[in-house]
Amino acid sequence: MRTFECDYTEGAHPKILEALIRTNMEQMSGYGCDPYTERAAKKIKAAIGAPVSSVTFLVGGTQTNMIAIDLLLAPYEGVLSPKTGHINVHEAGAIEFTGHKVIALPEHDGVLDVDALEAYLCDFYADATHEHMVRPGLVYLTHPTEYGTLYTKAQLSRIRALCDRYEMKLYVDGARLGYALGCPENELTLADLAALCDAFSIGGTKLGLLCGEAVVFGRETPKALLSQVKRHGGLLAKGRVLGVQYDAMFTDGLYEAIGREAIRHARRIRGILEAKGYPFAWNSPTNQQFVLLNDAEVDALKRHVGFDLWGRTADGRWIVRFTSSWSTTDADVDELERALPDKQEL
Amino acid sequence: MRTFECDYTEGAHPKILEALIRTNMEQMSGYGCDPYTERAAKKIKAAIGAPVSSVTFLVGGTQTNMIAIDLLLAPYEGVLSPKTGHINVHEAGAIEFTGHKVIALPEHDGVLDVDALEAYLCDFYADATHEHMVRPGLVYLTHPTEYGTLYTKAQLSRIRALCDRYEMKLYVDGARLGYALGCPENELTLADLAALCDAFSIGGTKLGLLCGEAVVFGRETPKALLSQVKRHGGLLAKGRVLGVQYDAMFTDGLYEAIGREAIRHARRIRGILEAKGYPFAWNSPTNQQFVLLNDAEVDALKRHVGFDLWGRTADGRWIVRFTSSWSTTDADVDELERALPDKQEL
Amino acid sequence: MRTFECDYTEGAHPKILEALIRTNMEQMSGYGCDPYTERAAKKIKAAIGAPVSSVTFLVGGTQTNMIAIDLLLAPYEGVLSPKTGHINVHEAGAIEFTGHKVIALPEHDGVLDVDALEAYLCDFYADATHEHMVRPGLVYLTHPTEYGTLYTKAQLSRIRALCDRYEMKLYVDGARLGYALGCPENELTLADLAALCDAFSIGGTKLGLLCGEAVVFGRETPKALLSQVKRHGGLLAKGRVLGVQYDAMFTDGLYEAIGREAIRHARRIRGILEAKGYPFAWNSPTNQQFVLLNDAEVDALKRHVGFDLWGRTADGRWIVRFTSSWSTTDADVDELERALPDKQEL
Amino acid sequence: MRTFECDYTEGAHPKILEALIRTNMEQMSGYGCDPYTERAAKKIKAAIGAPVSSVTFLVGGTQTNMIAIDLLLAPYEGVLSPKTGHINVHEAGAIEFTGHKVIALPEHDGVLDVDALEAYLCDFYADATHEHMVRPGLVYLTHPTEYGTLYTKAQLSRIRALCDRYEMKLYVDGARLGYALGCPENELTLADLAALCDAFSIGGTKLGLLCGEAVVFGRETPKALLSQVKRHGGLLAKGRVLGVQYDAMFTDGLYEAIGREAIRHARRIRGILEAKGYPFAWNSPTNQQFVLLNDAEVDALKRHVGFDLWGRTADGRWIVRFTSSWSTTDADVDELERALPDKQEL
């Protein structure tokens, strides 16, 4: 039986793999100077449907955050992040490696507390010693968040307004963006992100690519982009590998379809968990569902289905994650339904 | 009338200045290879009275923290600091400039919450994903703290034990260490610091030098120390300027006397503030005294005496600082006593 | 007609692609904790046939050099490189990005001048001011070099001896190592590299992978390797993509066969160029062949075959490169033979 | 007898020391926000006599180069330096510490070969792969150079023109600038430097300060300067120490007088060396004079006078340095004249 532990346990979506196979022996220039990369960028711009400055392809998620943030910030500036933000917790200090402080702010289920953000900025500039402190130069968000939750359009607009008022950039990490876009509750379109952000990423790895993250620079592309990417160790010799995959992903609505289908499966998984009495840790509308179990229940459940031990609550219970993805099938969910015991039987 | 705003508003203690004058035309080698620097290191070792590896002289406080921490850490490690620690707030990102994350932990009036430290470390290593997180490699403390408060010997010993258990270094920023040592409440001697820390600093700037911080490496001196200091921009051509000053500072008990006298003055200031009805923000046994005032009171007080607007409480009151130092005289405090109105008259 | 401009103009060798297809829907853990990655490391160790500490998989060549070198060096050390070394010329400052100086030394057709290396080290330590200079901590070489040339076993052994004498590491960038191993003139086996180097890479991108470089740490693996790789932005979520490819590459002698075949084609290309009167820029025994042409000749040749304008000589002639690779076929070389005009006809 | 080994073997010029003594007990704000620092900047602007953006005071020479260059460059840019430039040789990698490559170019007796500079830039942009290389963003020079030699106005103007053509900055390290200005052969005034450079330093340490380097930003001051200086560990708490010294140095023509006098002494020293048959390594018009001796001659000379073993020629002879400074007196030179044996007596 398949595990539901996360959304990068398989290789590539069949249509992506097929594109790699089809183009495999075509000779192309390296470093992203190939026709597929160019076409992929065009298709993404078309999918966004709003003016953006450029689309660039990188390999991995941490690399993407590291490069995008370092290129958007002045060297002496720091990045404001929800305390739970990926860059603050799970990137092994890649942002600090580039010399920038991550300033952690309060959040609720992964969503930045915008009041706290405003208060921080107001206090910062009111402090007579702020020249001795790290200037906040950028707000970092994930959409959906690490908790599977979503920003509202009102929230993101308000954050943008604060960025304007305090001369900061706004960057949205969209490692799982497709799973937000596939959500009925999601208010933020690609066009909205293009309008509100200085940059955002359209993650491929978790949406069915072997690897690949697209970075969209909305207003302005950093100077000497190729050189800067290479300096950070992020330039791929066979750039085509990213171009071909993204070209396929943005052909015939594949990206959108993957998101929608995975959310449909997530809803079923959610319903199954609910029906069988599992208490949710919080409400996630996207492809990750989080339930609370104690140690004994986790041990019992392990014998039936595959999931992720995502974390612990302050009071010591496990937060258990079930994830759908581009690779989930109805048959998989049927099997989960059969295999999952009622909570009280654990 | 003199201001009591901080402890670095004058130049150098007369005896320090005299040493600079006396040695001014002696020819000496540069970069700390002079007899005064050597002698100063020896005298500091004697004052410590316990085995240490080396004593090195740097120019400024932020520079000292940046260099000591960067040299003690592996490049991929981070530093645990009380949320209020100087490196986390007021060093403009100098630690992150060297590639290290500052991981902020709870504190009480500037003193690291040792239970929170232990819980952090325990949770960190229990987390299955901790290889994706920044490894805590060092605990940073200030003694006295930014709030003028002190660690007990029991606290520092417990922190050392945690450092041993989790293979971390311990570094104490002693920018105002002399004002701790001059305090009857202080439990931590130089010998204790040498025994418990991997490194600590003995600040000179705030104790009456024109500039200068001594770094004591307790157990082991980082390799290629001179090269590393120079690489960080911290090597002084006329190293003698630091050596001569520290040599004078550790002659005939000057360092100890300065600390004791300043604390005697701080006690008087404290008594005067108390007698005149000023409420203390918290209890500081050292040379900085903090009282709470509202905006109107601050405006009124400004007309009478000089102080520092140190910060704001969460509820919007001013935290007002009065500082004694090596330069404070009995006449200064007498004048403060005369000039300071009763709180209710403000 | 195919171009001979470089060895990364196609996707993946058919057997590599087949392995990706075959394993595509298997569920595996991320970040290199999958059975294929483990197996690939074992097979590479077996191919080396000598004890090594570990094998790790990274995505790209610049990333690999940046990470390997940064992890082998102390932060204050620099790397000695032939003036023509890839890290000194074509990596956009990725080594300096990690804080290390690249110290360029003389070379001959890409091969480090070992006498010059010895003289540099001897002079360095004889210089009374060397503590103010960057300590050489590692020697960087490429094998084959950027010029397609090879080190002899005597040369590498002598470099190793210098590294031992001066307490330095030795790292060999093997981005095209397979094309050295496929060469009759090559004296250095994988076992030799394991015995002589602290680390070396076994490049995959130019040998027929979509992407991927293996790093072999010979004597000792750097601490916290996964964290350090992630901190540099080099950790791949779907680590399987590298593991599966390297597993296939080191199955049934594919890696060796690719090298041998490409060299066989390179010999034919060399013979064709020679027979048609093209003067060689220098003697390269590996898969890259370099000839000299003037501007008019280049323009004329462009109409017949595809090649790379690799660089210019000091006297203004073009250095033109013809490259064979894993993807070259006999039919390709036949076609080149037919299409290539005699030099005097240009 | 005094040694002539270098120009920082004593403390401070008597007038500088006197200013420190006179102002010692004045209470002032920290971090350069004091009236002396303000006045010093004004006096330096007046001495320059041409519009500049700002004057800032730092502590040491390597620190000054590191900060000025890092602030003038984009993070991905490198600095072009004569091979013999201080930043390329004797700053322990401080420039690379901030992430920038130092690109070494040919020179003659320390003076950058401007033809080689032009050729480098021309070739760089003609190279189709230059996006993979480090973009040259700044030219670094010393005036006088490490060899005591001087740039002509024509040379500096031509370098400026190249900087304009290739969108680069120009920075002149003036650690010994006063000794150039005191030279009849010197063509470059402070006003010229202000007009031609983006930034230059007016060194104090070697001209008679305890410590201190002034940085003049000509056209534009980097943003958030105080924060950036602090982030690099370069902000002095008692900024007054620099302000008071520079204020005195630029009062009543002291700076100019020191330079003139030291050059007068250097001329006498030069004459003495010449008269006694010492061969000069090259022609230096400034305060450092370099002669060539073999090992036996050096050993013999050591018994008579104090000098610096500055380096070795390629053929193994010693380059021996005699230096005058602000502290040299006529009596010192008289004594040198008496003590120095004829070369053939060695």
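Observations on the model:
First chain written, first letter: the chains are A, B, C and D, and each begins at residue 1.
As a convention for this text, contacts are C-beta pairs under 8 Å (C-beta built on N, C-alpha and C of every residue); 3 or more make two chains touch, one makes a residue touch a chain.
If you're wondering where the values come from, they're calculated on a predicted model, not measured in any experiment.
Annotation: A-C is the more contact-rich of the chain pairs C-D and A-C, by number of C-beta pairs in contact.
Relative to the C-alpha centre of subunit A, the farthest chain centre belongs to D.
In terms of their C-alpha centroids, the spacing between subunit A and subunit C amounts to 34 Å. Averaged Cα coordinates give subunit B a centre that lies 51 Å from the centre of subunit C. Between subunit C and subunit D the centroid-to-centroid distance comes to 42 Å (mean Cα coordinates, whole Å). Annotation for subunit B: residues 76, 91-93, 97, 99, 131-134, 227-228, 230-231 touch two or more other chains. Chain contact summary for the complex, subunit C toward subunit B: residues 31, 70, 74-76, 99, 131-135, 223-224, 226-228, 230-231. In the complex of the two chains, the subunit A residues touching subunit C come out as 2-3, 6, 8-12, 14, 17, 20-21, 23-30, 59-63, 66-67, 91-94, 97, 205-206, 210-211, 227-228, 230-238, 240-241, 327. Residues 76, 78, 89-93, 96-97, 99-102, 104, 123, 126-129, 131-134, 309, 311-312 of subunit D touch subunit C in their complex.
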